[in-house]
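Encoded as structure tokens, the structure appears first; notes follow it.
Naming follows writing order (A, B, C and D), and every chain is counted from residue 1.
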Amino acid sequence: MELSAAMPSPSTESAPTERADARGVLEAHGALARRYRQVRERTERLLAPLSSEDCQVQSMPDASPAKWHAAHTSWFFETFVLAPRLAGYRAFDASYAYLFNSYYDSVGPRVARDRRGLLTRPALAEVLRYREHVDRHVARLCAEAELPPELCDVLEVGLNHEEQHQELFLTDLKHALAQNPREPAYAPAPEGPRGPRAPRAPAAPLAFVPYAGGLVEIGHAGAGFAFDNERPRHRVFLEPFELASRAVTNAEFLEFVRAGGYAEPRLWLSDGWAERERGGWSAPLYWREQDGEWSSFTLAGRRPLDPTEPVVHVSYYEAEAYAAWAGARLPTEAEWEHAASGVAPDGHFQDSGRYHPAPAAHDPSGRPAALFGDVWEWTASAYAAYPGFEPWRGSLGEYNGKFMANQMVLRGGSCASPAGHLRASYRNFFHPHARWQFSGVRLAR
Amino acid sequence: MELSAAMPSPSTESAPTERADARGVLEAHGALARRYRQVRERTERLLAPLSSEDCQVQSMPDASPAKWHAAHTSWFFETFVLAPRLAGYRAFDASYAYLFNSYYDSVGPRVARDRRGLLTRPALAEVLRYREHVDRHVARLCAEAELPPELCDVLEVGLNHEEQHQELFLTDLKHALAQNPREPAYAPAPEGPRGPRAPRAPAAPLAFVPYAGGLVEIGHAGAGFAFDNERPRHRVFLEPFELASRAVTNAEFLEFVRAGGYAEPRLWLSDGWAERERGGWSAPLYWREQDGEWSSFTLAGRRPLDPTEPVVHVSYYEAEAYAAWAGARLPTEAEWEHAASGVAPDGHFQDSGRYHPAPAAHDPSGRPAALFGDVWEWTASAYAAYPGFEPWRGSLGEYNGKFMANQMVLRGGSCASPAGHLRASYRNFFHPHARWQFSGVRLAR
Amino acid sequence: MELSAAMPSPSTESAPTERADARGVLEAHGALARRYRQVRERTERLLAPLSSEDCQVQSMPDASPAKWHAAHTSWFFETFVLAPRLAGYRAFDASYAYLFNSYYDSVGPRVARDRRGLLTRPALAEVLRYREHVDRHVARLCAEAELPPELCDVLEVGLNHEEQHQELFLTDLKHALAQNPREPAYAPAPEGPRGPRAPRAPAAPLAFVPYAGGLVEIGHAGAGFAFDNERPRHRVFLEPFELASRAVTNAEFLEFVRAGGYAEPRLWLSDGWAERERGGWSAPLYWREQDGEWSSFTLAGRRPLDPTEPVVHVSYYEAEAYAAWAGARLPTEAEWEHAASGVAPDGHFQDSGRYHPAPAAHDPSGRPAALFGDVWEWTASAYAAYPGFEPWRGSLGEYNGKFMANQMVLRGGSCASPAGHLRASYRNFFHPHARWQFSGVRLAR
Amino acid sequence: MELSAAMPSPSTESAPTERADARGVLEAHGALARRYRQVRERTERLLAPLSSEDCQVQSMPDASPAKWHAAHTSWFFETFVLAPRLAGYRAFDASYAYLFNSYYDSVGPRVARDRRGLLTRPALAEVLRYREHVDRHVARLCAEAELPPELCDVLEVGLNHEEQHQELFLTDLKHALAQNPREPAYAPAPEGPRGPRAPRAPAAPLAFVPYAGGLVEIGHAGAGFAFDNERPRHRVFLEPFELASRAVTNAEFLEFVRAGGYAEPRLWLSDGWAERERGGWSAPLYWREQDGEWSSFTLAGRRPLDPTEPVVHVSYYEAEAYAAWAGARLPTEAEWEHAASGVAPDGHFQDSGRYHPAPAAHDPSGRPAALFGDVWEWTASAYAAYPGFEPWRGSLGEYNGKFMANQMVLRGGSCASPAGHLRASYRNFFHPHARWQFSGVRLAR
């Protein structure tokens, strides 16, 4: 996922008749304003436990400082909503256009991505004032009687954008804290239904659920929000396939490790093996073995490896090698989406406060369990344009399209995704060597 | 294309009933032996104009020395044909198993790819003796009455493998010669129908040929040779599309250059722009501008840019940026193959001795011209397994499958491919930044 | 200068008779305790204007975060004074031994130098508590009646060590702030005798002061504090030489720039030219040209270049190239020290609060002016052991000796050095490509 | 040693009165012409056992292909002798000025050093014709009646330059052959007085020879040839010192290896330790341990380590760490030269055909043995200008001066140096991490 977002798809904008009477509009405004407040407050709640120092650091070029996430998401509203739409709006600080642009070439030049951690000024406190400033002006805009549909659409994009950054915030923070030899915790692990660290029964045996395939449709359809890369809905022909009933667990992945999976090049893609050697990988990111005991760093600190949880923080290469070893393969994104259509996008998300996958669920009905939440599931599909893909118009056209090379699609969201953010057609994407995301493995065959 | 090849797919080819009576077998043996000699001799003809020094050098990690190509292709026959099949065969030199293995982990360790140019011993002369030794033993094997079908299959793989290396030989040699400030020629440009360097009429205007799409089949079918990655034949659903009547020409690409295409990040994929900056690209590889005149390095030396020839030596990123600028896109490999099915795989290949694309052809019937030969055509498809893909059995299973990440498919062959090597289902693949191949652009929309 | 310090040289320690009666000891203790407080408070005063974020950042591997400087200097006292000498002392935090060790292999492993900026915990506030904890215990130790001479010596080392870090703090901070596109100031430039930014007369013309040379002595002699690398005092034979009356000014260096000095390889050392190309140098660090006007970034923000100030932030390579261009050379360290002997180590130091060199001084007596302070002066001498050099005993032996390769000696201190820290025999040292120090040029011939 | 050479120092040599009458001149011409032939033929004899491939390869940026050495030494005579001095001389090939210039900025641009191995054209045969062409014209020049003294001087520089390249040829070739897994030999080890590989008595015990020091003179004096960096002769004050009676042997160095010397950072310079980690050093270059037996690659192939030979192929860092471990130090170059003055520069040089150090010699008179030949001896002195140093005039001024940074001086020559090339004042120099030279260790204290 390359973050910072985009304009509504062509059709919705131009369909004013779908937007009903004035009263409906006002209610819609009210709902949008409420959602705006909720999303923005969630970001600030996530920041609350951290010191200014925690929010400053950038632990690698791919990750961004927490402070930068907080500022950039505000810059997004300022740039795409306030500046063009609120008469007389004056930027909070002219330099922010340069400091907090992520990658919008059409908006202008910017600080190089790997130098975000060098910006000690503005301080976190000033960034929080910036957020407040932007919020006050968005509220003023929302209070206006006539909120044009396109504007609602861009606001909705901005909110989805901020939700994506909420996940990245947790992901990047975890990486940053893990660099500290003291391995500090971000938040204690909550007790509760999916949380306690007590001994528990092994995960349900892995089963494969059959699908007949045929000519199916994937991609977003209907009126709700979706990113441009989920469109248009289109037909795909699928051979019959089977999808695993749950994600691969730590216990299963540990078997692969112990069987020498990281020492056998024949299991790996050629580029994957090279990456393994470059990085010295011998287990998933954040795993460590000491005196025969395996543990894993989590946002609640280092903990013994729970065999029943889905494995997380594996690259595409590791997922693929595991599948080869297990005599299976990864699903394509079309297979995954087909299996997920009609399934409610419920699951274990960020709002649990656990920030770590929960033990593997089991669906007694025999359907694949936990397709949504817990861990992003790598697919065998390279991220590419759907037939007839049209990027959003204007600068927001840079949101998704320009990343369509060298990345693999992940589906389903994770324990770090905000609840309500996911849907069956949602496409996340990362380079195949990326491991710092909450990414796991679901097999197919 | 990652080179060095593989065993036939499990069942279909080995059906003995397809292989007729003893007489037919003998004839088939004769044909195979003849083809073996032809292919091997072609390699030696390609080497003939070069000095030992020319054959020694490795100009970058992706390229291999000519001497290495000559030895490795022989190692292939020695390892996969002679050692397992010819009773009492003794290796020409035991160290060659290490020196000339390309990437077969199941065969054993080997010299690192980027160190092939450091092997001054064996000298070229010894490698030529090695070739002769291998040829003599293969001939002896072929003279045996009972040549089992599987062995014929592996021999056929070896010949296709050597043909691939014949193209790589030219490609790598061109890169090596281009490093020399004197820019020496490999061979003079032949005169003839497609060759002369005289002023000529502009290429025919670009037209787009419509296809209805629908549920089509792609992949190799039938009895002839094909690589494992071309199988199995399977159904794909295509939306209606249009394919360009010819490849993009130098004249057209020069317009893109002059319009500032290399200075406008909004036209480029994000990874492509980064690569452009890293490499300082401002035009296709081997192009140079001096006093307003553009020229290009060819295997016949540096020549003025011919506006009517297809542009060649562009990366996927450049192809994609050009397409964006031209308001079009690249075809998917399924679209390309669908358009090419039923078209005879004729075209301008290596055997012309020109080693450079010929001026763009035009098909008066209105169909896409020159789908085969001249330049490899980048597709928008990432290189991936077809549904139900099964790698060849044994070591040859490493031929293709392990490269299915981060590479894009190219179709159609080039002026450096041996005639007879191509077919509609043939899939070549390279990383999207690769430019030293004879790769060009055909648009779709 | 590689920072973090060391034990007194063998002889002084063992000369108890030099340390007089009990009363003198008590007075000495009092003076030492007072000096301890002064030095420690100065560090905290330097930190005061900064935010937690400012103190967190590490702008390059060679630089350290301000917070790290504050912690490491305390770790030094904890490790070399409190732990071995104060009965029952308990470390403030056991993990600090790992986090804040700089390079003492004999003390134990440590955070890699280029990862200091990743330590968001402990926060600055906790580090300040750490300082207080250490100070309280050192005070308790000093209050004891019997403070053995060796302990006084180590305390003195610790104070000199902290003074070195005070300079590094400013140097590293300047580099960090300069990475911010807003170029924020650390502190406003003070007005006053050497400070105002008013137009002024050009610097006095450069003159060369002759010295007869001969067999002279250099190195530290006598009872005061000195680092081990300044010892032993020894004889050196000098040919007659001349030393410049003042440092090279910005006006003079700008002439070199304008004359194409950065484009002429023949003026440069071979390694220097390679470094120039790698770094894209075209002027001293922090200089910038806009519309024909040159400015320089200072700790008071960006300011127009003052032609009368000494040039600062040049590497050894630039100093050497300038000297070649000017038909002169750099002095050896022996020449410099010989010229500086008998000169009081006064000058423009950190305590002015200006943190930037002052306009070039002129000594009406005709002697070289401002040998001390303003800018460190590169010498032509590689940093090496004096004949008979003995490193301090124990861990502090790692203070200086292990850096005796690839570095050049600088002399005289700078506007960032604490007053009272310098002397004629003082040897600073940096790699010849280093530019972020307050380093300048004095010519010889 | 940075190779390719320079003009005599301004005044002294050109004193015509020292050059006597016409007859003497003619005889001198004859001697010079004879010496020219001998030196040039030696280069060709060294090349004779090699294939074109062997002469083509460049195994690392610091090394050059044998073919390049052969061409560059001829370019030197063409550029500095023939072009300016022989009326009507026409260059053999105009492109060679670019291809075979090493580093003379004042002569013009050139192929980047790390790309010399990419020049497959001209082939070796053409380079040999180039040599012949140059020789023929030099002979014609020498036949002229009036050969001005300056010209003789430049010819002498060119011959010394070629002798330096003869050593580099062997050094670079050894590195290239060592990259081949087959570890081919260049030449068989000759039998003879110093050669046989029979069991032999241990080296004589190491003794230290005392010198009183005082005010001594070093640097070249008198009429014979010397490089500019050996001048002027000047006074240096030396403390009393002791120099080892012989170089450190393999047996002694192996003790260091076995005692964990490569695992103990406290023995190493800080930069040295970093280099050790970067390179993964655990023994001298070309050493290998297998089943408890140590061997070393030589130009006669891999051989068991001879405990009595001087250790060779160690970097300055390893030499320095060894000395620290042995409780000694390396000599300064002034100490070394002082000890070597008056000693005839005899020793074991290239002309033995052994190309490997001979077992440590012992001087029964108690003086340091084998100061010349066998292994270059690292000194503790950084390579710098002598007081009053004047580079040769013109382009040859680039011969030595621009390398005076980051390099350490070595003295005495090696088994790869041509006999007659060395003298007590001769200064060789390399970066402290360089290990591919025939460099060893002599201790001092």
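One rule holds for everything that comes next: a residue touches a chain if its C-beta (ideal position, glycine included) is under 8 Å from a C-beta of that chain, and two chains touch if they have at least 3 such contacts.
As the structure is a prediction and not an experimental result, all values here were calculated from the model.
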Query raised in the report: Could you give the fewest steps needed to travel from chain A to chain C through chains in contact?
Result: 1
Report task. Select the chain at the greatest separation from chain C, using centres from the mean of Cα atoms. Result -> B
Query raised in the report: Roughly how many whole angstrom separate the Cα centroids of chain C and chain D?
Result: 39
Report summary line: In whole angstrom, the CA-centroid distance of chain B from chain D equals 48
Query - Centre-to-centre distance between chain D and chain A (centres being mean Cα positions), rounded to whole Å - result: 61
Requested in this report: Give me the residues of chain C that touch two or more other chains.
Outcome: none
Report task. Go ahead and list every pair of chains that touch. Result -> A-B, A-C, B-D, C-D
Query raised in the report: In the complex of these two chains, what residues of chain D are touching chain C?
Result: 2, 103, 105-106, 215, 234-239, 241, 265-266, 268-272, 316-317, 320, 329, 380-382, 384-385, 387-388, 398, 402-406, 408, 432
Report summary line: chain C contacts chain A in the complex at 51-57, 59, 67, 95, 98-99, 111, 115, 117-121, 123-124, 176-177, 179-182, 184
